[in-house]
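Below are two complexes that have subunit A in common, paired first with subunit B and then with subunit C.
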Partner chain A sequence: MAARSTLTQSNMAGWGFALPAFALLAVFIILPFFFAFAFSLTDQRLISPNPTRYVGFENYERLLGMNILRIEPARDDAGQIVRDANGDPTYPRVRTFTRNNPDLPHLQGMREWFGWRSGDDRVVVLARDVLFMKSLVNTLTFVIAIVPLQGGGALLLALLINQRLRGINAFRAIYFMPVVISIVVVSLLWRFIYDGNDGVLNNILHGLTLGAFQPIDWLGRTDTALASIIVMSAWQAVGFHMVIWLAGLQTISPTYYEVATIEGANKWQTFRYITWPGLRNTAVLVFIVITIQAFALFAQIDVMTNGGPLDSTQTLVFQAIERGYGKQDISGGSTIAVILFFVVLAISLVQRYLTRERT
Partner chain B sequence: MAEVNLKQVRKSFGDTEVIKGVDIDIDDGEFVVFVGPSGCGKSTLLRMIAGLEDITSGTLEIDGRVVNDVQPKDRGIAMVFQTYAIFPHMSVRENVGFGLTIAGVSRDEKDRKVMEAAKILQMEHLLDRRPSQLSGGQRQRVAIGRAIVRDPSVFLFDEPLSNLDAALRMDMRMEIAKLHKQLDATMVYVTHDQVEAMTLADKIVVLRDGIVQQIGAPMDLYHKPANLFVAGFIGSPSMNFMDVAVRQASAESVTVEAPALDPVTLPVASGEFAGGGGAKLGIRPQHLSVVEGNTGGALHGRVVLVERLGTETVVNVDLARGGNIVAALAEDRPLSVGANVALSFDPAQAHLFADA
Partner chain C sequence: MIKTALVAASSLVLATTALPALAQTELTMWYHGAGNEVESAIISQIIDDFNASQSDWTVSIESFPQESYNDSVVAAALAGNLPDIVDVDGPVMPNWAWAGYLQPLPIDQSKFDNFLPGTKGIWDGQLYSIGLWDAAVALYARQSTLDELGLRTPTLDSPWTGEEFMAALDAAKASGNYEYALDLGMAWTGEWYPYAFSPFLQSFGGDIVDRSTYKTAEGVLNGDAAIAFGEWWQNLFTGGYVPGTSQDPADRETGFIEGDYAFSWNGNWSGVATIEAGVDDLVFLPAPDFGSGNVIGAASWQFAVSTASEHPDGAAAFIEFATQDAYLTAFSDALGLAPSTASAAAATKNYSSGGPMEVFFGLSNDQGLVRPVTPGYVVAAKVFEKALADIANGADVADTLDAAVDEINADIEKNSGYGH
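And now, the complex of A and B:
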C-alpha cells in the first residue's frame, strides 16, 4: 500500500530530524542523570589530582546522618542542678559530646540542628550536615506553600477569565505575561520591590497605612526572606497554570452547567459538583508540575538572597550547585540531586495515588 | 401539571433571527412533539421554555403565569438532554438525586424519592453503579430519572433517543410513551425523526426555519398536510410530487395533467387553482398500486430499485414519459429491477398544492 511505504520512508526521515535534539537531550539530560547516580557513590571532585574512589553510601550518610542526644543538666558537687539567673538549668555544651568524645564515636562531627527541653533534660537533634537539613526543610516549606498558593491562585484566575466578557483577552494576556519573562529578570525586578529602604512594597505599605508602617528589609530578614520568595515565585508562574486550568475548564461540557442551572445550583454547588470533578485530571497535572518545579527552586535564590540571611533560604538545588561547582564537590552535589530525585518521585506517586480515579 | 402557551415568541442570536414569531398552545397533560429538519430551531425553542435561552420577544406562559424572566428552577420544568448529561463521577443514585442534593433535601426524603423514580423506570438494581458501567439506554433512563425526581409539571426532552441504536430507540420510545401515561404530565419532545413524532405525539408542531408550518394531531398532518413542506416531511417514504398543469377548475374538483400523467380529476376545492397554471400533485407512495395491462390513465415506467421489507415492497420507478416515482406496495411483491409496471392511484387520496 502506498500509505504504508510513505510511512516507513518518513519514519527514517523522522528519526533523522529527531537525531540532533535527541543527541542533545542524551548528552545534557539523560547521561548526567545516570552520572549523578554513579558519582554519588564515589568521592569524585570537579578537578583533583587523586584518582576517584568508590565510597559506597558514605555520601548519603554524610548528608542524612542524624541522632538524638539527651543531655542532663549540669550538677554541682552536691548533686544539685546548676541554674542560671532565670532559674533555668544549665547544660554542658553539645560539642563536648560530638568533638573527640571517646565514649560517643558515632556522634563525632555532628552538630546541633534544633532541640527542646524535656523535664530538666535537654533533647538535641544532631545532624551530620545541618546545612543540608536546613535546605531540605526550606525546600519542603517552599513546596508546601507554593502548591496551594500557585495552583489555587491559577484556578481562581482561570475561573475569572473563563467568562464571556468584553476585553477578557486583555486580562488573559496580562496574567500570562510574567510567564514569558525569564525568572532571572523577574527576580532582579522583584529585588527592587522588596528593597529594604526604598522598595515599592515598603512604599505602598507606607502609603496605605498613612505612614504607620515601618519599612522592612524583606529579603534581609530570616523571618520574611523565604516568604517573599514564595510570593514572588507564585506570582511569576501563576499565569502558566492558569492556562492549563483554562484548558481543563473548556473540556467540561456546557450541558452539565445547564443541568445545574435547571436544578437551581448556586455558584459554589456548581463548582463543587461540576467544575471541580471535571477538573480532576487537570488538577493532577497542575499539582505535580508545580511540585516538581518547586523542588527545583534555584534561580530566585541565586539572584535574590544567595541562600541567606543565615541560611534561611538555602534550598536543595542551590546546595547541589553550590557544592558541585562552588566547592568542586561533584559527588556531594550529585548525592543531593539523587536524594531530590527520590523525594520528588515519592511525592508524585503519592499525589497520583491520592487523586486516582475511584470506581 | 400545566399548560404551556407561547405567544409570538421570537429569538435572535445577534443579527440572525432563529425563531420567527411562534404561537403554540400546549394543553395540560398533552404530549407535544416539535419536529423539523436539523437547524430549524427546535432545540432553541425548547431551551427557551426551559429558561436556558432568553426570549427576545413575545411571551411564554406556564400554567397561566408569564415566565419570561423566571429562573429555570422556578418554572416547574425538567429537561432531558440528547447527551444524557449524567455526571461520570457520581453513582446512579447520586445522579438521580442530584436536584434534591442541590435543594438540600433530607437524606431520608432523597432516598425515598430516588427509589420511587427508580421503580417507575425499573432500574432499582442500577442505583449503585457508575455511569461508565451503564449502556446508552440505561444512561438515558438515569437522565429521565433525574427529571422525574424534580416532580415537574412540564417535561422537556431534546432528542433523547438520537444517541441510541435503532432497536433500543424503539424500546425507549415505548417507555417514554408509557411514562407519559403513568405520570400524566405535560411533555414537550423535540426530534428530527418523524416516526418518533408520529408514534409519541398527541400533537405535532412542524417547524421550518423558525416558523411553525402546521400544528395538529399526527393523523391530521398525515392526511391533511397544510403545505408542501409538511406533506414531504411527514410520512415515510416521502410523498411523491409531480409538476402538473391545471386544465379545468370547478367548485368541487380540479382537473390536472402532466407529461407523464393523463388528465385526472381531483375532488378538491378549486380555490387557489381557479386561475389555471401550474400546481404540484402529491401522491403518497402507499397510495399507489400496481395495475395489470396497459390501463389508460396509469403511470407507466420501469423499476429501477426494489426494497423488499416483507410487510411492504418499496419500488422506485422511472416513468416512461419523464420523472420518477416511489411506490410502497402492500405485502411482499416479487418485482425485479428492469420490469415494466403500471401504477395507479385513487384521485381522492391525492393532494394538490399551489406552486410555491
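And now, the complex of A and C:
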C-alpha cells in the first residue's frame, strides 16, 4: 500500500520527468516503426513522381521467397551421365531453369543460395533474394559470435580491474577508451590495422613468426572479412559492458567474500558460487544489450567493406540503408527493417524466457 | 545610453546593407565543392562578378561536401526547400528531372552549340543542365615504359585492340619491373565504377541497360558480349594484372607515380598532379577498342534550375553568365578538367594546342559517351558497381550479371518504366 501511495503522490512529477524521453521515443522510434510497417506494404520510393500503390505482401515475398530444385545430371545421347575429369557428374547450369524457362515460371528470377549432391542428382536451394538471405545469415553469425566474445571479454576485464591497486584507474580509462571514440574513426583505424600489404596486424604476425607468416588481406578475403569485423567490434564495445559488469560486481556484498575466505573456498569456487550468482541480473542485461546492438551492425560494414568481398559481410541493417537510400527503394528497406524488428523481438523474448527468475 | 547608441548603430548598418538588396532579387545556389578551396574561390569570383555586372539579381551560394551533396538535395526536395540554382552530376540529372526537382533551362539550346556533347544534360528532349567542363579518362603511361616494352603508341584513330591491350599488360607483367601491370582504381568505390568501367563493357558491345527502350537490361548486361566482358574483367584480377577491390586508396594516388604500376586508368583531374609529381614523360593513351569502338564516360557536374525557383529567368541569367569562356578557362586551369568549348580550351594552360593535356579534349569530343540517360541510372549504377566488384572477387560471371539484370529490371518495373 505504501508503494502505491508514493506513486500517486508523485505521479505528476514522475510523468513530467518521463515526458521528454517518451516524446523522443515516440517521435524517433515508435512512429518510424509504424511508418516502416506501412511502407513495407506499398511500393513507396524515396523520390518519384509516381503515386504510391498498396502492394500487399509483395515486398515480403520478394525477400523471403524460396524454392528447392532437384537437378538431374547432364546425359549424353546414349543416356550416360556426363562426368568431369574427377568422375563427378556435370549438371546443366541453374540459370537454364530460372531464366526464361517456360516450364518453370515460378522459378523465374530465383538464384542459387546453396546446394548439395544427393546421389547423382544435385539439390539446389533457390532464393528470390539471395543477398537478403546472406545478410540474414551473416547478421546471425555476427550475433552468435559476438555475444560470448564481448560479454565474456568484458567480464574478464571487469574482474581484472575490480581490485584496489595503485593506478587501477589508468587501466579502467584505457579499457574504456574505444567506447568513447566514434565507431567510424575506430573502423578507419582498423582498416589500417587489417591492411593486406603492410598493415599493423600483418607486420606483427610477420615479426612474431620471424618472417614465416605470409601477409593476409584480412578484409579482402571471404573467409576472414566477417571474423575480422567481429573481433574489431568486440574490442570496440567491450569497455562499455565492462563498466556494467563492474557496477554489478560492486553490488555484491564483501561479507560474502569474507565468508568464502573463512570457509576456505578457492578462487574458482568463489567466482562460481558467489560472484556469478550475484551477477545474474547484470548478465541478463549485458547479453540482451549486446544482442540488440549486434543486430544493428552497420557503421563498420559501411566504412570497412561495403558488404564485400562477395557479400561475406552483408548485414540486414546495411542492406536496409543501401536499398532505402542508395537505391531509393524505401519500401524494400522498410521491409527489411520490419523483418529485423520481429527477429530481434523473438530472440529477446526467448532470452528473457530462458533467463527468467525461477522460484 | 550605450545600449541605445548600439541599437541605433546596428539599425543604421542594417538599413544601409539592406537597401541595395531591396532593389535586387536574391537567388540561392547550392554547390558540391565544399572543402576544395581552389574551386570555391573560382565559383565565388563568378558570383561576385555576376552580382556586380547587373542590378536585378544577387546570387548567394551554399557549398556542401561532395559525398553528402546528393543526399542534401534529395532531403531538401522532400522538405520543399530547394534553392534556385543547383549543380547536379550529369548522370543523376534525369533522376532529378523526372522526380520534378529540376525545370528545363530557360535558355536557348543553340547558345551551347559549341559545347562538348557530354556537358549538355538533355532529358526528354529538353536541356536541363549545362556544364562548365567535362571529365575524361585515359590510360596513363610513361613514354619510357612504352619504349622499354616495345609497344606501339595507340592513337584516337587507331587505338589498341583488346589483344594489343592484353599483350601490353602481359609485356609489363613479364618485365618484372612492376607490382601490377595496370591500376584500374578499384579503391575509388562509388560512381567511379560505372563511370570508368562501363565504357569497357560498351566497347565489348554490351551496356548497363538497353538504350533503345530503357525498359530492360536483359540481353545487354547479360548477353554474350557482356559475358565476354565479364570474363575478361575477371581475368584481369585472377591473372594478377590489376590490384583488387581491397586496393589501398593511398596506393591508387601514388602507385603509378612511384612506378609500381605500368599503366593507370585515370581521369584528367589527376593529370596535372601526376606531371607535377615528376612523371615528365607522361602520355595519355585512348581507351582500347574491344570490338565495338573505343569509348570513355562523359558528363560531369552541371548547373541546373530547380522547380522551386520563383525566378527561373534570374537563375538562367546567372548560368549564361557563368558559361563564358573566361570562366571555363579559369576552372580548367585550376582543376585540370577539360573546358566545355574549344575556344576556351585554346586559352587554357593544359588544353591549348601543345598543352600537356590537349589530348583529353579530343578524347572527350570523339570517345565520350554519356552514361545511360534515364532516371533509373542511379539504381542501375549501384547494381553495376556491385556486380563488377563481385566478379573481380571471383563470383560466377553469368550468374552475377543475371542477378544484376534482374535487380535493374525489378527496379524499372517498380517505377513503372521511369517515364520512358
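In this text, the second predicted complex is superposed on the first by the 331 of 359 C-alpha atoms of A that agree within 3 Å, B and C clash if a C-alpha of one lies under 4 Å from a C-alpha of the other, contacts with A are read in each partner's own complex, and residues count from 1 in each chain.
Going forward, contacts are C-beta pairs under 8 Å (C-beta built on N, C-alpha and C of every residue); 3 or more make two chains touch, one makes a residue touch a chain.
Computed from a predicted model, the values in this text were never measured in an experiment.
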For this session: Quick one: classify A:99 as touching subunit B (first), subunit C (second), both or neither.
Result: second
For this session: Quick one: name whichever of subunit B and subunit C touches more residues of subunit A.
Result: C
Exercise. A:274 contacts which: subunit B (first), subunit C (second), both, neither?
Worked result: first
Exercise. Between subunit B (first) and subunit C (second), which, if any, makes contact with A:47: first, second, both or neither?
Worked result: second
Exercise. Looking at the overlay, what does A:262 touch: subunit B (first), subunit C (second), both, or neither?
Worked result: first
For this session: Examine A:130 and indicate which partner it touches, taking first as subunit B and second as subunit C; both and neither are also allowed.
Result: second
For this session: Kindly classify A:152 by the partners it touches after superposition: subunit B alone (first), subunit C alone (second), both, or neither?
Result: neither
Exercise. Just subunit B (first), just subunit C (second), both, or neither: which does A:253 touch?
Worked result: first
Seminar exercise, completed: Dual-contact residues of subunit A (subunit B, subunit C) none
Exercise. Of all residues in subunit A, which touch subunit B in the complex?
Worked result: 253, 255-256, 258-265, 269, 273-274, 277, 280, 359
Seminar exercise, completed: So, in the complex, the side of subunit B touching subunit A is made of residues 50-52, 71-74, 77-79, 81, 83, 85, 87-90, 98-99, 101-103, 130, 132, 146, 150
Problem set entry | subunit A-touching residues of subunit C, taken from the complex the two chains share | 71, 74, 77-78, 95-96, 98-101, 189, 244-246, 248, 251, 378-379, 382-383, 386, 389-390, 393-395, 398-399, 402-403, 406, 410-411, 414-416, 419
For this session: Name, in rising order, each residue of subunit A that touches subunit C in their complex.
Result: 43, 45-50, 62, 93-95, 99, 109, 111-112, 130, 195-197, 217, 219-220, 222, 306-311, 322, 325-329
